[in-house]
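What follows is one structure encoded as structure tokens, with my remarks underneath.
Here the chain labels run A, B, C and D in written order, and each chain numbers its own residues starting at 1.
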Amino acid sequence: MPAQETAGSLEGHNSDIFTPAHPTISDAIREFFDLRTKPVQPIAYTHKVHLANGMQCTDCHVGVDQGPDARIPSVNFCMTCHQVIATDKPEIKKLAAYRARGEDVPWQRVYGFQPSAHVRFNHAPHIRNGVDCSVCHGDMRQQTVAQRKVDHTMGFCVSCHQQKNASIDCVTCHF
Amino acid sequence: MERRDFLKISAVAGATAALEGCGNPDHQLIRFVPEEDLIPGIATWKPSICTLCPAGCGLLVRVMAGEAEVVRNGQLGLLKMGLAKKLEGNPAHPINQGKLCPRGQAGLQVTYHPDRIKGPLVRTGRRGSGQFREVGWDEATKQLVQKLSELKASKQEGGLAFVTAPLRGQRKTIIDTFVASFKGLTSIEFAFFDDSVIRAANAASFGHALPPTVDIGTSNYVISFGADFLGTWNSPVAQSLGFGHMRKGRPGQRGKFVQFEQRISQTGASADEWIPVEPGAEGMLALSLAHVIIAENKQLATAAGHAGSLIEGWSLGLPDYAPEKVAAQVGVKPETIARIAREAAAQDPAVALIGDAAVAHTNGLFNALAVNALSALLGSVGKPGGILFASGSSAKPPAASLQSWASEVSSGATAVDVLLLYNANPVFAAPAEWGVQRALEKVPFIASFGSFIDETSALADLILPDHSPLESWLEDTPVSGSAKTVVSVAPPAMNPLHNTRAMADVLLDAAHQLGGDFAKTLPWKTYEEAIQASFAALYKEKGSKTAKDADEFWKKAQEQGGWWSTEPSQVAAVISAGTAVKNSAPQFSGDSSQYPYHFLPFASQLLYDGSLAHLPWMQEVPDPLSTAMWGTWVEINPRTAEKLMIQQGDLVEVVSPNGKLRAPALVSPGIAPDVIAMPVGQGHQNFTRYATGRGANPISILAPANVEGTGSLAWAATRVKLSRVGRGKLILFGGSLSESSPELKHR
Amino acid sequence: MAHQWGMAIDLDRCNGCEACVVACHAENNISTVGEEQAALSRAKHWIRVERYYEGEFPDVRVKFTPVLCQQCDAAPCEPVCPTFASYHTSEGLNGQVYNRCIGTRYCANACPYVVRYFNFYNPIWEKPLQLQLNPDVSVREEGVMEKCTFCVQRIKAREIQAAAEKRELRDGEIQPACVQSCPTRAMVFGDLGDPESEVSRLARSSRATKLLGELGTRPKVNYLPRDSWHDSENA
Amino acid sequence: MTAKTPEQITNDLLRPLSGISARYVFWAALLAGIAVAALCAFLYQVYSGLGVSGLRSPVFWGFYITNFVFWIGLSHAGTLISAILRLANATWRRPVTRCAEVITVFALSIGATFPIIHLGRPWLAFFLFPYPSERGLWPNIRSPLLWDFFAINTYLISSVTFLLLPMVPDFALVRDRAAGWKKKIYSALALGWTGTPKQWHRLETAMHIMAIAVIPVAVSVHSIVSWDFAMAPVPMWHSTIFAPYFVAGAIFSGIAALILAMALLRKLLHLEEYLLPIHFENLGKLLLVMSLLWFYFVFAERLTTWYGNEPSEMAVFWVTQHGSYAPLFWAMVSCNFLIPFPLLAIKKLRTITGTAIASFTVVIGMWLERFLIIVPSLSHKYLPYRWGTYRPTWVEITITAGTFCTMVLLYMIFSKIVPVISVWELKAGRHEEPHALRLARQPDQVEAD
């Protein structure tokens, strides 16, 4: 998701202004040291099971091969299958409950750059150039709830760009 | 070594307290199920129409997925939805061909404005107190319908008035039909910068009651009398495109452009020759040019045809208008007049146009007729490189004038029970002398369809907020800017952010609830249906090469943003014999001994007539000439300033026979010493956080003089005096006025 | 060879309408600073239309010149930056890397065109105005220098698209927001590295001049000055 | 004036170290208070953004950089002067050197903070520090700011050493007289000095090497500071004269600061018998030379600009000559030349008071000079459309005032910890010095104490 929207959610909905400023000094310090709280997912979604059942990443994360961002599916999308599949499971019941309340599932970000990093990452060209999802996201077949398996530091990006002799010009990613 | 490792070494320990709620759903807004299926980060471009001025340019809206805080059934939450991100011109649209003026591009901020009315409001405090209560649409509509049915029952004449901005297409049809059924007058159209004088003149001279479509692009010689045609006048984007083409679009051929006015406008600034002329003498000047052309047999007087015959003494070669005879009154050297006349006559095509202040004098109609005659004499009417007329729909000039209506109501001559307001802010944009406010206070029930609280809607009892243009169905039939017939249409570019409804939908809804013959006169359930119907009719009339039936025609039109003819439209002129008019000198209110200066209000390039003063972009972008931001100014010639001991930025008081105002002085070489100019747009008492209480409103001190022979305001016919009263606040983006620094003059 | 992005501005077409300025604000998430800060000369307009009066009434002339970052080949702003926040990109742009900027403002002093704008405070959008923000462009924070990027986000997007479609970029395919909006078509953008491109053609024309060219900054924006009308021309 | 035994000398010079008067506490508290206010102002600026300063477009540098240049300039007092005097073996220098070297160290440390204070994002200042990172990014060696970073650090280290070395014997002196915790501290500082001929020899050699080494460093520092400006194409900045101009100005302001400091010490610490009119006389002459040199540089710069008649430079020229900055300009000329010149040139006026007054005006004048080099040029660059102005805010003023107070405070504290006049040097040279000559009749004492 674009940096400024992350910044916006940092700012929080209690304010009637949007600004890249940090709401508290501690937020500023946390971002400075890139300290992230482990995301708590509302539903214990398991990538492992879905992938084991032969689904592809792009089945749910539509658009990841066309543009910058991957879509996080909406509750409706999940329910297209879970109308009938595994309806008895507690987590699926939670899912259905969200749908019933007319709410979307508030999935939490796992990856994503700090706003102050000013990174304009674009998935599509990476996928086109045969970078496997697992390179940056780890092997999802082994993960249930998504974990931040790979640390997306600049060193991580640059070293790969150098190997594949992709551009390491700053403005390739920072603008 | 990692950057943050390095930092941790040098870090203050224990400074990182845990933050509540980060990454935890329990501490965040709920998210609603998205209504649209969107892929994040991928833009789609949707056609739309610019409604911010009468030009009616076509838009392309860049729409991308985003998360908006919205209220759904009383609960605040986040909704993933398509959001307009940028406005650009629609390349397919004949008027603006992909280009867009600064005002049009700021349209985005209308949709996202923090002070937009978020749902229907009912007045709770006393009128004008600004205290309202949010209500649901059902209650709001019920209240409206109830008032209207009471009115219907009372069977009283003209009990309903509907004040709108000049409208076109189905919205106008719906409003007029609606009002008519109350045996009322037609809607009262009001805008400060209206084109009725030019329409009247063109109707008389050329048989087209329309503003001209000036084909500047292929012209070789353009004479403009006061018209700011590159800034705000008529169809500025179309005219700017033409201007660019005239200058450099034709290799080896570059047209000349001469501007006559009292203050260098943004347009005058781009002229090859800028020549100051006495206020109101434009018509006389035009005839003097004509005199030279005829006298030197560059053209036969008869070449001007009917347009010429409307000018007294034309057939005789305008003996009274010899340059040396009129030079003094016109304020232009005889030799200059003669030279311009010869140049123009030598160039083909050459065109003359008039607008803005030149037609806002008491003799504005005469000026317009004179310039029309000159154009006709130059042989450029109805030809490429000259003046053309599009087939505008609403050729008939507005029936009722706000001024007379206001005076009748405030005097009690007419009783109005219900007043509906749409996109018009007469309390701000009409001279105080008209007494619009007094009239409104006499009306027991006022309902406004506006999206913002402004000086006028603040007086409303009921507010039924319209969608923003981007959230709404749009259609338009531009009357100028392209020789082709243009019928624009666009579906909503995005879903509504707030609890708003399209004015036309509310009106249709009300009509059906009122029942009666509305079922016949307004058969459509929604505005969309109404537009579709008009396109069905259009398909029947014009047919189509590409679409096989009305539905496809309708769909295609929506995709490309409208329908336009491939060929220039040919509309028969309706010439009615008119009597020749003689020169009438401009009348100014306030005598010159007491009020030595002409007061020249002008349209702001960014705030237009003030209706855009609420957009932060328009406030902060520097004005092209003054470079002023976030405020207004009074433009004064250096000599005048010296005489009155006024310095740049001083607060000056401008006094007219009808009122006074205060604003900072801007000393500029681009204005006549006997003229004081001031931009329209600032000086709002009540118009969102960005415009309220900022600067002064020149309209407030205007004399209520009218243009002879028309109902419209002669807004350039006021005289003023001014004096320094202290230090003012003038925020300029630009530093030095001239490129050669004043310091260098010390040498 | 790598692209060398450049621009040509025909001042004979420009009518100073400010459309480019608003287009730039909309495209590049440039915040409005408000009355108080504007009064302190802290307004940010990556592109501005300079207006100069010449002469005195009644013989007054006005001159408009849109001034944006000239993307100099010998840019004074680049060597002075101690952290490489301001640097020369492989495509000849004067890059500004916000996350690397520590706010010495040395670049802004060195720039003879004064086209670098500094965030003296964190920008603020009163909700929901922020919904307009362009997700393709960073929102710059307090203490960071910013300036015209030739709409690098549009350049990148087109390059990525062209690569996906396995084709070369077409001349005129990329249009920065200002160029796209210009109602008189006064601005032309393209690849100066390609001698066939429209912008190269204009750069070669006898009318082409550079702003403050005498300083040796080798700007990549070419100005074609206002022409005058000669009777002979059309006679 | 009565004759002094080495014992008396030691007593006199060590007296200030013992006991703190109420007046001292009052002034210390006052100065500390203002210094703390400045610190708060800075934290406030970090918290709310650089917008709280008066900086704006196009004047992106103002008070902070003025102070930076001013303090770095002032730091040329000591090291350079005392080094030169040492090498020139000017014996009258002996009581002067330490006061001078202290000014250097303190002024330098204060000046060095300003480049950080003026940053938009001071918490990222470490980007200037070349450290290996996974991102493979290094600072830009082409940037004069980076040259500053290294030059100033080098200068600081060397002048601190230069200051500390000759202190060692005096620390030993204090150690031998102190008791308790003081003794512990001073014996640590004394680095086991016992005053053996070997140690004496080592010290002398070290001092000699340092004296030679520090001069080019000092010159380079202010040249580089001047290049911060001269390297940017800004009217009136882009000039070859800048490096020597700045170095001369630096020494000029340095000497002034030194005279001022000495005058105060003399009064407050009752060192009338040690800081004699001759010292002020000699330094006054030096100041006179520098004043003339300064005037010569300004004259040369102005004259060439005026003849050059380059429009953009003329804009700046006129705005300082008789435009909006003229009052400041002429104030600067008076402070740096018109007032000090007669005071220093006329023998009768070249008294302690005279030189002190002259020095005072010079310090002010040199601050103005830095300001007038920076602001008028930035506010009148090439495109008149973007000409602007600059007004400092309370934040900048507070921080500026704070640094002056900090300087004085540090000096006060120092005078309580270390004898401000080098005891051993004075004794060593006493037989050469007028008042010491009168002691010659007495049996020579070995520095046993």
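Just so we're on the same page, contacts are C-beta pairs under 8 Å (C-beta built on N, C-alpha and C of every residue); 3 or more make two chains touch, one makes a residue touch a chain.
Small disclaimer: the values here were computed from a predicted structure and weren't measured.
Among the chains present, the centre nearest to the common Cα mean is that of C. The greatest centre-to-centre distance from chain B, using averaged C-alpha positions, is reached by D.
Chain C and chain D have centres, each the mean of its CA atoms, that are 44 Å apart.
Centroids of chain A and chain C (each the mean of its C-alpha atoms) stand 34 Å apart. Chain centres here are Cα averages; for chain A and chain B they lie 46 Å apart. With centres set at the average Cα position, the gap from chain A to chain D is 56 Å. Within chain D, contacts with two or more other chains are made by residues 133-135, 384-386, 388. Residues of chain B found to touch two or more other chains are 2, 7, 41, 66, 69, 114, 734, 738-739. Residue positions of chain C touching 2 or more other chains, listed in rising order: 41, 48, 50-52, 84, 100, 122, 126-127, 129-130, 133, 135, 142. If each chain is drawn as a node and touching chains are joined, the picture has every node linked to every other.
Those residues of chain D whose C-beta lies close enough to touch chain B in the complex are 126, 131-135, 309, 311, 314-315, 317-319, 322-323, 380, 384-388. For chain C in complex with chain D, the touching residues are 37, 40-42, 48, 50-52, 67, 76, 79-84, 100-106, 108-110, 112-114, 117-122, 142-145, 212, 215, 217.
Residues of chain C touching chain A in their complex: 29, 84, 87, 89-90, 93, 95, 97-100, 122-127, 129-130, 133, 135-142, 149, 152-153, 156, 160, 163-164. On the chain A side of its complex with chain B, the touching residues are 1-2, 5, 8-9, 13, 16, 24, 26-27, 29-30, 32-42, 62-63, 66-71, 74-76, 99, 102-106, 108-109, 122, 153, 155.
Considering their complex, residues 2, 4, 7-8, 11, 15-19, 22-25, 28-34, 38-42, 66-67, 69, 72, 76-78, 80, 114 of chain B touch chain A.
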